[in-house]
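Pasting the structures here.
Presented sequentially are two complexes of subunit A, the first with subunit B as partner and the second with subunit C.
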Partner chain A sequence: MGSKRSTDFFCLASAFNVVLMLSVALVVSVLVLRSLPIIHRDGVYPLVTSVWNPTREEYGFLFALGGTLVTASLALLISLALSVGSAVAYAEFIPQKLRPAVKNFMDLAASIPSVVYGLWGLRVLSPFLRSYLMEPLSALGLSGVLGVPSPAGTSFLSASVLLAIMVTPFASSIIRERLLAVPMHVREALYSLGLTKPEVILLELRYIRRSVLTAMAIAFSRAVGETAAVAMVVGNTINPNFFRVFSPGYTISSLIADQYPNAEAYYYMVPALFYAALAMFAVGFAVNVLLLRYGERR
Partner chain B sequence: MGIAVHVEDLWVSIGGRDILKGVNLKVPRNVVFAVMGPSGSGKSTLLRSINRILDLYEGVSVRGNVVVEGVDVYDSRTDPSMVRRLVGMVFQIPNPIPNLSIYDNVALGPKINKLVKSRRELDELVRWALEKAYLWEEVKDRLEQPASKLSGGQQQRLCIARALAMRPRVLMLDEPTSNLDTVATSEIEGLIVELKRDVTVLLVTHNPFQASRVADYVAFMYDGQIVEVGPTGQVFTRPAHKLTEKYITGRFG
Partner chain C sequence: MRLVDARALKSLALTAAVVLAFALSVLPVAHLMATVVYRGAAAIARNFPSILFDIPAAPGSRELGGIGPHILGTALLTSIAFAVGVPISLLAAVFTAEAIRSWERIVGRWTRLLVHMMVEFPTIVIGIAVYGAMSSVAPLVRALVPGFRPFSLLSGVVALVLVSAPYMYLQVEDGLKSVPQHVREAIYSLGASRLLTSLVLLRYLKSTVYAALSVGLARMVSETAALFFTAFGSDVYPPLDANLLFRPIGSLTLAVYTLGLSGYENWIELSWAASLVLLLLCLTLFGFSRLLLRGERLGYRSPR
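For the complex of A and B:
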């Protein structure tokens, strides 16, 4: 077996791995331990009810769990279109000379702090979506299904669109790199059969679908956990009808950010917020596992 | 006997460098026509300009005429994918689509280009193409397996079947045996000779002996130009050009 240096490297790498796994275990155990009081008192009740009444020590956070799932899923769908579209545009239509500029711009977009996205979302995106999407559709009578827009336009929908814009640079770069890595001889084979460019692109996307799913899993995790920007545009209102995406509401992370400062004043609010965090972690983890499993299966 | 491929004063440059410098070529129908020459002489570029696969690369400029079975390849009204349906191509590296099954590799082209009306017709076409490529007996029981499981020689025959399934008029092979062992090479060579009954075969090779074994006509290419063309026997026994003689006697290349 290898030299002393390679054994050293092996030990070091293993040590890092152990540290990484321990820290994940530590985070999860803190979440569990801190939420034990309310789990002990209410069981799964907080997960399935939407009554949030701290003065009576009632903490059902289904409205926020639903809000998180709705905004993250909607963001995932929008971002799927945006990131696949931009990756295809980059790999197939943008001339070689312009690529570095476009790539730098995308990387720059990924490095904008989320609070900046939040400000832009609050002052530009939400009012824009309100005036040009939510109001017209509500006028068509859809407000019964999709909810009534708030005056500022803060809503689940605004949060979803903002999240989609935020996660697209990451998701898109994964898809883009894989698309560029499709071997030239495979592309030549496809074109030599008389396929047109759109047909070849669709087959290439099928060829790299595992990476697309990975990109979406990462996008979903980020969307579920994103706090600052979402807290600024989602409206922070207790709204059990989280499928009414035009209306404002809460996500778990915005609920925690919004409520934690006063949580110490109550007996069970801190455990309730930890419980909510645990639920969010579980959802994000489950979706990730599902997406990655699905990618591996075929 | 008509002309399948007619190349007239073809100039191709890539990234500002001239690769083809006024190539003229007439390929008769239903023969094996070999273009031989050393590496870098422009043989592959010549093939890639005939079916416009060259369009996939950046910085390419083409001047001159190519006519395939009456179709003016570089006419602005000509759809490149139509040209590619007319001209099948087999590449130097066997390149089955890695995530597709053996069956799907052959069926892909006919399916997307809607050459068949029913699943039964498609099955028959796939079988026909695999039989033509002498692969059917070896794969008929495992058509659903990934193409990447096949050996190199089998993969190359699969690529030939894939090209044939499009029912092309011309089949171009770009050094199809350069990545194969001697057994697989002689199988492919035998196949090439058989194929000329159905299609015109245009073969590029850097191996003059391969050209002499399979071709009816040969062209010798050097530095972006055709040095000499003629019936194989004539070129190999009485080369008109000193350079050709040096090449076929193995003194360079």
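For the complex of A and C:
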């Protein structure tokens, strides 16, 4: 098909491929170049300290890095239970007639703007979690370990629960598809051993464990990068004790979102925010590389 | 007998856990939609129809005002970004899928790999990178446009293109890859050039292409994080003059964020109203893409 033909008009379309490739390169190189000033000045210091003091041009964002990892990990744990559970419910218990409706609902849930989740999280979920989960547990004397809830209920925990609600439809859809694709002879072999339904389900889940891992890894990297919703419910307070999940704090994405309006007023704040973005990018990228290496082939 | 009972009990417990998990993953989203519809409709009804045109009232006042500038901003941002992003992603996808010569294949492979990476970039990273690039070139641009700031409609458009083009590209490219080879050869056998063949193939995949575009549009409409550093947000109408592209502009998503976090009752009400508008837009685009893909399943698949 014309491998000897001279250059045709079609080749001009390659210009758009170049545009896409250059924009990826641009994003990565801008992140690195713009954070160079603070890397030159402070090295890895910002990654391992929790002092955020713009007036003295000190920017250590360990508190936000920790907040990101804590909220994303907690969200992952909650979402693992919810998405595996709902995928199993879909494959085993939902009647055929209802399946299209449930499927459409879950897909629709995944397409609602994250900032709308944020508003609901701020006005509905956070106060709810505060009254029915955080305050009772604090009253039992756990506030020493888990932190003191804020009046609005905004906290690492609220952010994690909200993130879990947001990523579950997506993670669950991957697990659901794989669960339905378990070969019939495998299923029949399991039932022929006289196993009960839950025992079969557990073995089926083991059979697709790579897909579950993949779904969870993608969910984790989305949770790390999610911004608008998290910035609305995490409380946006500098909190070095990021493991006290009842207390408000920062994640990297919410730090960037919260600080951008005044970043240009300081000399090193813009580079510091770029450095923070680079760190977050590195976490997400590492997860994706691991996924490419150990995840299922898609 | 007791052994059987233990297994039956375990079975029951697992069933209950699974049903509980299902309920916990569906009910919050249902509650969210109900709340947005209820509170958003209440806010819109309070000041209809001027809520769609007014600017927000003073914070804490009894007036509601409206979200007019934000609707206009979202319309401007998404329509320009769509007009720029669609040709880029469609043509790049066509080139990748129809590459024949070795250099073309190499370009295609690299584009695919890099775009796959970019799809998983957090959008705030894309936003901050566009801001970084824009502020680097700002001194040069100011020579031409004195008032230029990195916070502008133009930056917002660039950010939205970078956020949504990868999705459209990957979906269209996947669609082109799934076209049976005999269809492609039939078109070539009529003596069509490669450019013409690609256009015919895009028509052949009409429903996939439109579905990809509506997903891309939905991503633009619902994007927030990439706009913080770029479009920046604004609660007033921009003057409609030659410098429109170079001034900050609001959007519905930025309105939900800033008004929702403000702590003033009337602004929070506006935030619910903006959420409802966003939800309806996304619902429409979602329904549209679903309808198209339903048609596709009956449509182009070859009988083999």
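Remarks
The working rule: the second predicted complex is superposed on the first by the 260 of 298 C-alpha atoms of A that agree within 3 Å, B and C clash if a C-alpha of one lies under 4 Å from a C-alpha of the other, contacts with A are read in each partner's own complex, and residues count from 1 in each chain.
One rule holds in what follows: contacts are C-beta pairs under 8 Å (C-beta built on N, C-alpha and C of every residue); 3 or more make two chains touch, one makes a residue touch a chain.
The structure presented is a predicted model; accordingly, all values stated were derived computationally and were not measured.
With both structures placed on the common chain, the touch criterion links A:196 to subunit B and to subunit C.
In the superposed pair of complexes, A:207 makes contact with subunit B only, with no contact to subunit C. Legend: residue contacts after superposition of the two complexes on their common chain; A:188 is shown touching subunit B, with no touch to subunit C.
Of the two partner chains placed around the shared chain by superposition, subunit C is the only one that A:225 touches, whereas subunit B remains out of contact. Applying the stated contact rule after C-alpha superposition, one finds that A:95 touches subunit B and leaves subunit C untouched. Shared-chain residue A:55: touches no atom of subunit B or subunit C. When subunit A is checked against subunit B and against subunit C, the one touching more of its residues turns out to be C. Subunit A residues in contact with subunit B (one complex) as well as with subunit C (other complex) are 196, 199. Those residues of subunit A whose C-beta lies close enough to touch subunit C in the complex are 1-3, 8-11, 13-14, 16-21, 23-28, 30-31, 33-34, 81-86, 88-90, 92-94, 102, 104-109, 111-120, 122-125, 165, 168-169, 172, 196-199, 201-202, 218, 221, 224-228, 231-232, 253, 256-257, 260, 273-274, 277, 280-281, 284-285, 288.
By the touch rule above, subunit A contacts subunit B in their complex via residues 95-96, 183-196, 199, 203, 206-207. Within the complex formed with subunit A, the subunit C residues making contact are 7-8, 10-11, 14-15, 17-22, 24-26, 28-33, 35-36, 87-89, 91-92, 94-96, 98, 100-101, 104, 107-108, 110-111, 114-115, 117-118, 120-126, 128-130, 132-133, 136, 162, 165-166, 169, 188, 193-195, 198, 218, 221-225, 228-229, 253, 256-257, 260-261, 268, 271-272, 275, 278-279, 282-283, 285-286, 290. Listed in rising order, the residues of subunit B touching subunit A in the complex are 51, 53, 56, 58, 81-82, 84-85, 88-89, 91, 93, 95-99, 108-109, 112-113, 159, 162-163, 166.
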